[in-house]
Structures are given as structure tokens and as C-alpha cells.
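What follows is subunit A paired twice: with subunit B in the first complex and subunit C in the second.
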Partner chain A sequence: MAESSSDESETTFQLYKDRKEWKDVVPVPQDDGEQPIVAIDYTEQFKDVFDYFRAVLQSGEKSERALELTKDAAALNPANYTVWQYRREILKALNKDLNEEMDFIEKIIVYNQPKNYQVWHHRKVIVEWLQEASKEKYLTETVLAKDAKNYHAWQHRQWIIKTFNLYEGELEYIDSLISDDIRNNSAWNQRYFVVMGTTGFTEEVLDREIDYTLSSIKVVTENESAWNYLRGVLLHDKCGLSRNKKVTDFCQDLYNSGNRSPFLLALIVDMCSEQVSQGNKDPLYNLEMAKTLCKELAEKYDTVRAKYWEYIAETVDKKSNKEDSQVDAEQ
Partner chain B sequence: MEKKDIFYPDTVPILLYNKHIEYLKHVSCSSYGNSYDFKSTESIRMSGIYWCLTALDITHSLKEFLQKPANNSDSISEEERIVNFLLQCYNPDGGFGAAVGHDSHMLYTLSAVQILVLLRKLDLVDKHKIARFISTLQQVDGSFAGDNKYSEIDSRFSFCAIACLYLLSLLDAFDLQKHPSSPFGIDTNKAVDFVLKCQNFDGGFGTVPGSESHAGQVYCCIGVLTITRALHKIDTDLLAWWLCERQLPSGRLGGLNGRPEKLPDVCYCWWVLSSLKMLGRLHWINKEALIFYIRACQDPETGGISDRPGDCCDPFHTLFGLAGLQLLGAASELQEINAVFCLPQYVVDAIEEDCCLDQLRAHRDKNAK
Partner chain C sequence: MDYYKIKFNPSVHKKYLLRILRGLPASLQSMDTHRMLLTYFAISGLDLLNELGSIPNKQSIIDWIYCLQVCDDSELVSGFQGSSTLNTPFNCGQNANYKWGHIANTYSALTTLIILGDDLERIHRDSVIKSLRTLQLPNGCYTGAKDGCEYDMRFVFCAACICYILDDWSGMNIDKTVDFIIKSISYDFGIAQAPELESHSGSTFCAVATLALTKQLHRLSKTQVEGLKRWLLNRFEYGFTGRPNKPSDTCYSFWTGGALKILNAYQFIEAADNNQYILVTQDRNGGFSKWVNTVPDPMHTYLGLAGLSFMKEEGIGSIFPDLNVSVRAHEHLKSLHKKWREG
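Here is the complex of A and B:
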């Protein structure tokens, strides 16, 4: 039986209305409240299968043949969530072997519909029923090998890892994906997820992640994901954004080498903003620097976001004035 | 490691206003119902109708369309046909399915309520029953499931729940914080808490806590926070920056993507723009570049708008493209659209929900630039 499923596309589909074993069922046509005035031109197979599905849904039949019918219906329209709901009810009613179901859904996900909400949710439900997650990492890896940013695959993978505590090896996996595509935002997001779910950003881990991210930025400085990740990591630095020596040295070196990546400049601006808010008169990370960089970003390096940079310059200015007036008030 | 890019046309048409009306009328009318495209999208039908009708309304073509006889020969109008369909999708549990015979689902319940509000036919349904259905979908952690059978959790459903209750003018009445001994209701604080947990280190929001930031999810989460007056609980500047980083300048065009390093898509123009509008930061986008992008996605032959230049158009992208242009002030022909509900502003103005109305009005006035 398992072998024949791969041959399905080659055998001729027999319409349900022509099947002897379905003679007892009256098909229910789609009722959109209209009388068609032109010939129906959607495929006959589609109409046939769904007319019979509606009949079975109405009668509440939960048999083997109904289960097969939901398979055909799901294959024709995998986005039809009512088909999947009903299939789950039949699976329960017949107490079916869920491992077979796992094989079935795996084929649909991998070969057919990797970006469909319903098939992934169905997989999740079956895994929950079985309380068996040993195949899930491999499944998501197979899908991610074809599309490394598949949102559903990542979501499923996070659920599996969190629910069944399968964090082991995940950082290595993420690393391999980042090696393939350093700009894979999903992989960078996953890195944060793993650290937060395991060690947390301890001083040691913070240092490790900063090293990792900075070496990645060295390779491609115009990588939004890496810079966002760096900021995310620095959120956990007790000293804040602007006092991590490794990071500040790195940024200065990069800037001095002539690099004007908008992400680099944006981070330096935020470092200035932080210093200004704290009332420090840093020789480098100050209002002057912030305003200069914002101007360069608005006029040259990130012109599409000019309005944003103008706002940031104003904001840092206001913070500076506030600090100055507070100092004046205290004196 | 090459960066992918899209096809850029040599010239960009002006807003093909009349062509879009032609397209929308074609895909909305009853005789279109025989096409394969229509039949095979049955499981999202309710949303399809909402997209079409809203787009028709903002192009000032809804009234005329609704009065047309269905199928050119029947004694009922298109409006009656649509209302009949809607009522057939109204299930005993109080929710709506995507089409006749489909299980109730949060997504299609919102779409149905949006349609009823648009048609001013809310009195045809039991609003409290719908609200009760919604309240049964809230989980212990404050999140919302899509249905009451197999509970898929998604921050989209949080938005559907809150927006729906607001449109039904029952957000206040069903707020357990305000009416703790009510037998039915939602815990708004917990709903907000769950949404806040979906915020990531980059300022964006995902489907569930930990999920990658995604512009569509951002719209839903910001929508919840706007309606519940909880926007002050997030770093709005950080999020607004993440949102304006979605703009991808390429020559004259500057479309928006949904997350870093992905291709631009007209629907993200809506999710990102409306979010920026709610945050009061719409001016952070380069309007001209985005307007060019959306206009480049129009189909000059059939009318309608697609995700990218040169692709096939559909009602979903047509609505969001038009709505985006209106928000950008590039289409004075169009009716004003409300950023929170993606419904015409005049429709939202008529909703009687005092607890939030002032807040939304204040936001609107502040953002009127």
C-alpha cells in the first residue's frame, strides 16, 4: 500500500461518482447560492471529490473509505482546513496507525506544500498525539535544505525543540546554515532562540556570541541580520550598548578603514545616544558624532531613510539638552 | 551568496484607477464563480469577499456593484447573494467558516464581521453569540486559537479576536478586566501580555514567542496594542526602525519586504505602512520610491495589482496595493482607509465603541500628515 502512493499520479483517477462502492452516497454540490449560466470549467475531478466530501461531512461518516476520500480532497486542495479537521476526527474514530499518517503528511510537506499552514499544523497535532518527535528535526532540515527561510519549518522546529528539549546540536546546525547563507535571518533568529532557551546570555556566552557575530560581520558588513543579532546580544550586556570594548574597538577599526555600512553607522549613532542619555561627555561617542553620522546617513549612505535619520539627530539633540539642563538645575 | 532581486520595468504607469474597478467587478460578480480559480479558493472565500468589497468601496464602486442583479438574470441582487452566502456560513457555534459547510475559524469570523460592517448588516447576526465564540478561543496564556478543535496558536488570531470584538462594539462588554463576574469574556491584559511576548530582540513580532519577526505578524500585534491602548508598552522607535528597514531601494523603486533579505511584495507595503501609521511614523518611509513600486505592480491589461512587477494579480494584492497608495497620499481618488482594520475610515467612524474610539481618532489626527 505504501508503494502504490508514489504511483498515484500515474494511475488514472476514477471519479467517485463512477465507483460502485460509493453508490449509496448522494454527492452534495457546492452551494454558493448561484445558478451558473456558463459551463463549469474547473476540473471535473475537483468537483467530484468535493461533492462527495461534502456528503460525507454532512452524514458524519467516519469510515476507511471516508479517510481515503479526505486524502484525495487534501491532495486537491491542501488549504481546505475543514478537510484536515475531519480527517483528524476520522483518524481518532478509527484509531488509525498514526505512524502511517506521519509518512503521508511528510510526503505532502516535503514534495508538495511546504508553505501551507494546514499541513504543518496537522503534523504538529499528530506529533502531539504520538508524543514522538524523533523525526521532526530531520523533516524540517529536509524542507530547509530546499528553502532555508521557510517560516513554517522554523516555527515547527522551534516548537519541537522547546517541547521535547532537543536543543542539542542546534547551534552547530545554525552555523552550517549561516555558512551557506550568511544573510539567513531565520538562522540568526534561531541562534537567539537557542541561547535564550539554554544557557542564557551569561558573560561567557555573551563574549562567545559577540566573537561569532563580529567575525561574521567582517565577512559581509552589509548584513542586517548580523548587526541586529549583535544589538540583541548587547541587550544583555550589563554595561549597555556602548561600553563593550570588543564591539567599540571593532566599530572604530571598521569605520577608520573607510567602511560606511549604514548598519555600522547606525550602531555608532546609538552608542552616542546612549552616552548622551547618561550625561557622559565621551570624546568619541557624543552628540557631535551622532549628528554628523545622521547627516551622512540621510544625505549619502542611507538616503531612503532620510526622515528617520533626521528624527534620530533631533532625538539625540533633545537628550543632550535635557542632560545639560538637569546639570544646570543641580548646580 | 548573491542577493536576489526582482524584475524592474522600464516605465511605471500612473494609477490605473478605472482598470482596477473593472478588474474588481469582474472577480467579484457571481458569474466569476464558475472559474477554477474561484472554486479552488473556497477555503479562503470569506476573506476573498472582504478583499473585493473593501477594494470596491475605496474605489467608490461598491454601491453600484451591490445593486446589480446577481448573474444578470436572477431576481436577487449581488448584495443579497453575498448576504445569503454569509448567513449560510454562520455556524451554530457562533463563528463563521470560510465557505458553506466549513468549520468556524477566527480568520473567517473576522472577515465575515468586516463584510457585515461594510454592508451595514450587523443586525442580521447575533453579535453576542459571535463574541462568545471568540471568547472560547482564548487560551490560558492569553493567546488565541484559530478554531475550537485543534487549536493552532498564532498572533494573527489575537488580532482577529480583538478587532472583531471592537467592530461588534463589544470589546468593552466582553472585557473580563472590567466585568470580572461575567460568564463570557476575554482577559484583555493577558491577551496583551501574550502579544508582548511575541516581540523579538530586533523590535519586530512573530507568530508565537521566539518566532522570527515578520511584517504581517507585526501588523497584527500592533493592531492589538493600538486597539487596547497598550502601544506605550513597547519601544516604538525600535520597531518603527525595523519596519522602515523593510524598504529596498532599487533605482526609482523602493518596495517593502516582510523580513530581512527577502524580496519585496505589495502586501508587505500594506502590513508595514499600516503599522507605521499606527506608530505615527509613516513619514519614515521614502514615499515616492514605494509609490513607484506599487504602481509598477499594476496589470495594465486586466487591471488589478500583483505582488511584484510582471506577476499575476489577485484581489488580495489589489486591495493592499490600493490601500497602501491611499495611506501614502498618492491616490486622492480613493476613499480614506483605516490603518487598523483595513476598512474605509467612514465605516470605522460609525462603530460605537467609545473606549477605544478616542484613542484611534487621536492617532489618526496625529498622523494626518
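Here is the complex of A and C:
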């Protein structure tokens, strides 16, 4: 139950101490010491529910009414992991229908607590017990439809895909998310996850992913997620960052068209750095180009990181001197 | 660019943090199991403001924290609870079912104690460390408690801090921890909560701080270090963000700033007016919030102050990012270590 509805629920909620069916249980108060710190001014309902929860923990009662009690306790404080832990113990002891539990936790995740660690953990455990993951993609899609970057949802989704081998259809789902929001970093990350978990970055897949990413960059040239993904893909290119013709042609064309996206310039700087490290005297990707672009970044296109680009220019310079002196030494 | 610059107002934050220590309203009941963490935020915040002197009941706070210590070698659940929710007049001073330490609360308790100048003599060090070791998983990560908890990089950081503070690394298989961290490095060189997940400033800080505390930063390759620096620096827009293409949030001033500090790369985004995003979330009655025009909370307040510390804001003391306590508190800890090693 969301915090904001607790006032409403107070008026209809019957305190446990007033319930006939709980008359046999003595509520157990909290012992907060003589001078409690960060003491919370609990509502009467909160104190009541947890007095009975403490009583039930003490006696070890695992019954239907105790199960219902954990529901009320979890509603008041969904972050109390002991409540969820004890609830799971009761579910096991009573051999409850776990599909009902799945419905219960789904409602909490979707409508109340999409960012709570304990409810997602509870869902994960029930899925493990059931060994049944057919509803999980739909659950996470429902949550992601409200917040496409919910970390818990992505984490759960990756877990069920890996555990139950549910990679099929995932690239299409990612495509739809990227169409909705080309800057959705979580979706780009998921793309990398899917490729690594299925085909891997074979030459063919590498080429396909480069095409996909470059098309995306054409649409929004200042999208860090797409540029990061491009570099991630190139990590698997045997020739490294600076020798993929499609990519280098694309970057040159983009630069020559007047585009000065800081991510474009940064990639070209890194390509220069790679060439310099390898001791190659490339006509384009060289120290001069690196220094020119670092200066442009520092002075115009990424001024907030000016000191960083000055540092990068120095780094490439040092690499170049090292290579030169090694060549001299060899001669 | 001419615009109105917001001024940092330390006195309202001092009042806000002292209010937290005195108590919270019913609307924050869902923070019940996090009271230890909130205590840490308030006290570490007051420490950064150089206002520990204005806490009226330091000894009571220390005693309350110790009341929440669990020493249970048979169940191996030693550590600190987050609150007294499960403590009753019947199990007072005894071990009981579900009276377990939780790794984040053990971290919060230990850091708060050293900030308050406690000598940690009442800590059952061996017991805490022995139990801590059982929380490490085969993949090198840590879970939060004996059972029923998730696992991720936050708890790796907590584990490293606990070992560091208690000066006892038998609570951690360091190689496995480093292995988990390296496997959690993303294709974009940021670090995620676990392998293959999305890189995130929070988990990146936790990983980098862990590597610093365990003295294993050298295990990162040059490419990884440079990639990491770039990723972190790219988090800075107007304020700091947690992931690419997400909005700025006050707390990332610490997570991102702290990681950059540890990697000696913070100076690359140092600028006179970087404090403005944090200050724009400053509430006139005290505290900082996540975004502009949002309600302040203890976590964003503390991390906002910590972020301002990196920016050398006047009126805020220096912070030791690896542990997320003041340099002063860290010096006190080092004096305890000297005593233990000599004794």
C-alpha cells in the first residue's frame, strides 16, 4: 500500500488488538532502549501490526492469519526484509498456491513499489520455487512501460532471460524501446547483453551492429548511449577502434559535413591515439589531428571538460614521443 | 554568464540534521528498518559541517548503536541491526530468531561510531568478521544478510569498509571480490551492480572505493582506468547524473565525484560554479533534495554536503571518499589501528 493512502486505510483498518480471532495472542512491544535515536512517531496502526508481528516471530506461528499479518506489515513497511522472509517461510509451511502469491506480488511491484529491492527479491524467489518464468517478461515490460530505465526491472529481466534461456524476441523488444527513446541507455545495454548471450560478436554480427548503431547516430548525433555502444562493439573488432572502414568513413563524412558532436570528436581523438600507440604514421589519425580536436573540444565543443581534453592531448603527445624515441633507439 | 548564484547556507542544514536525530514523523514509517543508515547520514553530515559539538546526546547515540549489535557465532549473524523493530523486552540482550546483522547497517554503525570518536572496544570484532565472511557468495559478491536478501555492488563496498575499519581482511576473499568487480565492468567502462547490467555511478563508486580500500586498483588495466575516467567525467552536465542520458541528481555529486577523486581525475571538471546544481536543490528550511523543487531527504542532504566538500565549499570539511567519512574521522580510525597493531 502506498504511503499516501495510509490515512485512508487507517479509518477502515481494524486494529489487531480488537480482533476476536487474535484474542489468544499477546502483542509484543518494541524495545527501543532508553533513548531511541531517529525515533519514528509510528501511527497506532503501525505499532499494532508490528506488535503482533513480533509476537508471531516469537511464537513461530505459521498460519493463515500470520500470512495475512505479514501482508499488512509489508504494506506498512515494504523495505522490512524480515517480514518478507517470514512470509516466505509461512508460504512453504502451508504449502500455499504460489500462483496466487505471484498475482499478489505483481500488483505490489506494478502499482506500488517498482523500485523496492525486497519485492523484486520476493518475486525472484517465488519464480525460482515455481521454476516458471512465463509471466516475467510481461511483468518487466509493464514496469518498463511506466519507467523504461527502471534498474530493478532490467536486472530481473536479465536474470530470467539467462536462467530460463528466453533470449528469443529480445532484440525486437529492444528495437521498440529504442524507437520510443533513442537515448534509452538501459535498452542499449540490453542489446549488448543479448548479443553476448546468443551469437556473440562474429564478423557478421559486428557488421550488423555497426550498421544499426551508425543509423541511430545519424538520427541523433549527440547520443552518448549510441556512441558508447559503437565503441563497445568495436572492442570485438580485431582491427581495433581505428581500422573499421565503415566507421572511419562515417566519422569522416560526419565531421566534413560540419558536425562537431563531442562524442564524434572524442572517438576520432581515440582513433588517433590508437594509431600513435601502434607507431603508425597515419596521414589522418595522427598526433596533429588529436591535438587539433582536443583543442576544439576544450575551447568550443566540450568546454566543461576542457582540462580533461588538455590532459588527453598531452597523453597522446607522450605516446608519440615514446614511439619516436623507440624508433630512434632501434635505428 | 550572469545569473543569480545561490549561496550555501550551512546553519539550516545543521538544524535539519539535528531534527532527523531527534526523530521522524509517521509519514516516514517505511524508513523504520533504515534508522541506523539515517543516523549515519545525519552524524556524518554534521561532522562535515563541523557541528558534532551541537549534538546534545553523543553518548546516548553511541549506546543506542551498541544496543543494536548482534554477536551470534552459532548462527553466524553478527553485525548490527538497522533498528530495534525485532527487539522485544523478552529478547533484550539475547540472540533470537531473525535478530541478524545486516551488512549496510554494520557499515553505518561502524562509520558513525568512529565519527563520534568511539574506540570500538565494545565491538565483537572477530565475530563480526567471521559472520561477514559467510555473506560472500561464490561469485565474489556479497549479500546483505544471512537469508532473504539480494546481492550487488553496494554490499561489496559495505564489506570492504567493514574489513577496513576493523582492520581484518579475513572477512573477504579479495581475489574473488576483484574478479566480481572486473566482470561487472561494462562495455562502456562504467561499472554495474553485477556482471552484464547497466553501468551506474552508484555501483561504479562502490567498486572503485572497494578497489582502493583493498589496495587493488592496479588490477585495472590502463585502458580500463582511462575508460572509467572518461565515463565518470561524462556524467557531469549541469550537475552529475547516474547513467548516460538520465537527469542530474544531487546524490551523484558524491558517487561520481568520489570515484573521480579516488582515481585522481576530479580536477578535470573542477569549476567555480559546479556547486550550483547542488545548491539549487537546497531547501530554505534545511536539507537537499534529489532535484529542484522536490522534498529534501536525509540521503540527498548528506550526499549533497559530501559533493560540496569535493568542490571545497566554504564551511564544509574534507571527506575521505573511500570510506565516505570525514578526513578527521579517518585519522581517528588510523589512531585506533595503530593502537591495535601495537597492543
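Heads up, the rule we're going with is that the second predicted complex is superposed on the first by the 311 of 331 C-alpha atoms of A that agree within 3 Å, B and C clash if a C-alpha of one lies under 4 Å from a C-alpha of the other, contacts with A are read in each partner's own complex, and residues count from 1 in each chain.
In this text, contacts are C-beta pairs under 8 Å (C-beta built on N, C-alpha and C of every residue); 3 or more make two chains touch, one makes a residue touch a chain.
Note that the structure is predicted; figures quoted are calculated from it, not measured.
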Joint occupancy of subunit A by subunit B and subunit C, clash or fit: clash
Which superposed partner A:Phe193 touches (first subunit B, second subunit C, both, neither): both
Contacts of A:Pro29 with subunit B and subunit C, given as first, second, both or neither: second
Which of subunit B and subunit C A:Arg231 touches, first, second, both or neither: both
First (subunit B), second (subunit C), both or neither touched by A:Val220: first
Touching partner for A:Asn185 - first (subunit B), second (subunit C), both, neither: both
Which of subunit B and subunit C A:Gly60 touches, first, second, both or neither: second
Residues of subunit A at both interfaces, subunit B in one complex, subunit C in the other: 28, 30-43, 46, 50, 54, 57-58, 76-77, 79-82, 85, 88, 117, 121, 125, 149, 151, 154-155, 158, 183-186, 189, 192-193, 196-197, 224-225, 228-229, 231-232, 235, 304-305, 307-308, 311
Subunit A contact footprint on subunit B (complex, rising order): 1, 3, 30-31, 33-36, 38-40, 42-44, 70-74, 81, 84-85, 88, 97-103, 105, 147, 149-150, 152, 200-202, 207-208, 210-214, 237, 240-242, 244-245, 247, 249, 254, 259-262, 283-284, 286, 289
Subunit A residues touching subunit B - in the complex, by the definition given at the top: 28, 30-43, 46-47, 50, 54, 57-58, 76-77, 79-82, 85, 88, 117, 121, 124-125, 149, 151, 154-155, 158-159, 162, 181-186, 189, 192-193, 196-197, 220, 224-225, 228-229, 231-232, 235, 303-308, 311, 315
Subunit A-touching residues of subunit C, taken from the complex the two chains share: 20-35, 38-39, 42, 57, 60-61, 63-65, 67, 84-92, 96-98, 102, 144-145, 147-150, 186-188, 193-194, 196-200, 229-230, 233-234, 236-237, 243-246, 265, 267-271
Interfacial residue positions of subunit A with respect to subunit C in the complex: 3, 6, 28-43, 46, 50, 54, 57-58, 60, 76-82, 84-86, 88, 117, 120-121, 125, 149, 151, 154-155, 158, 183-186, 189, 192-193, 196-197, 223-225, 228-229, 231-233, 235, 266, 304-305, 307-308, 311
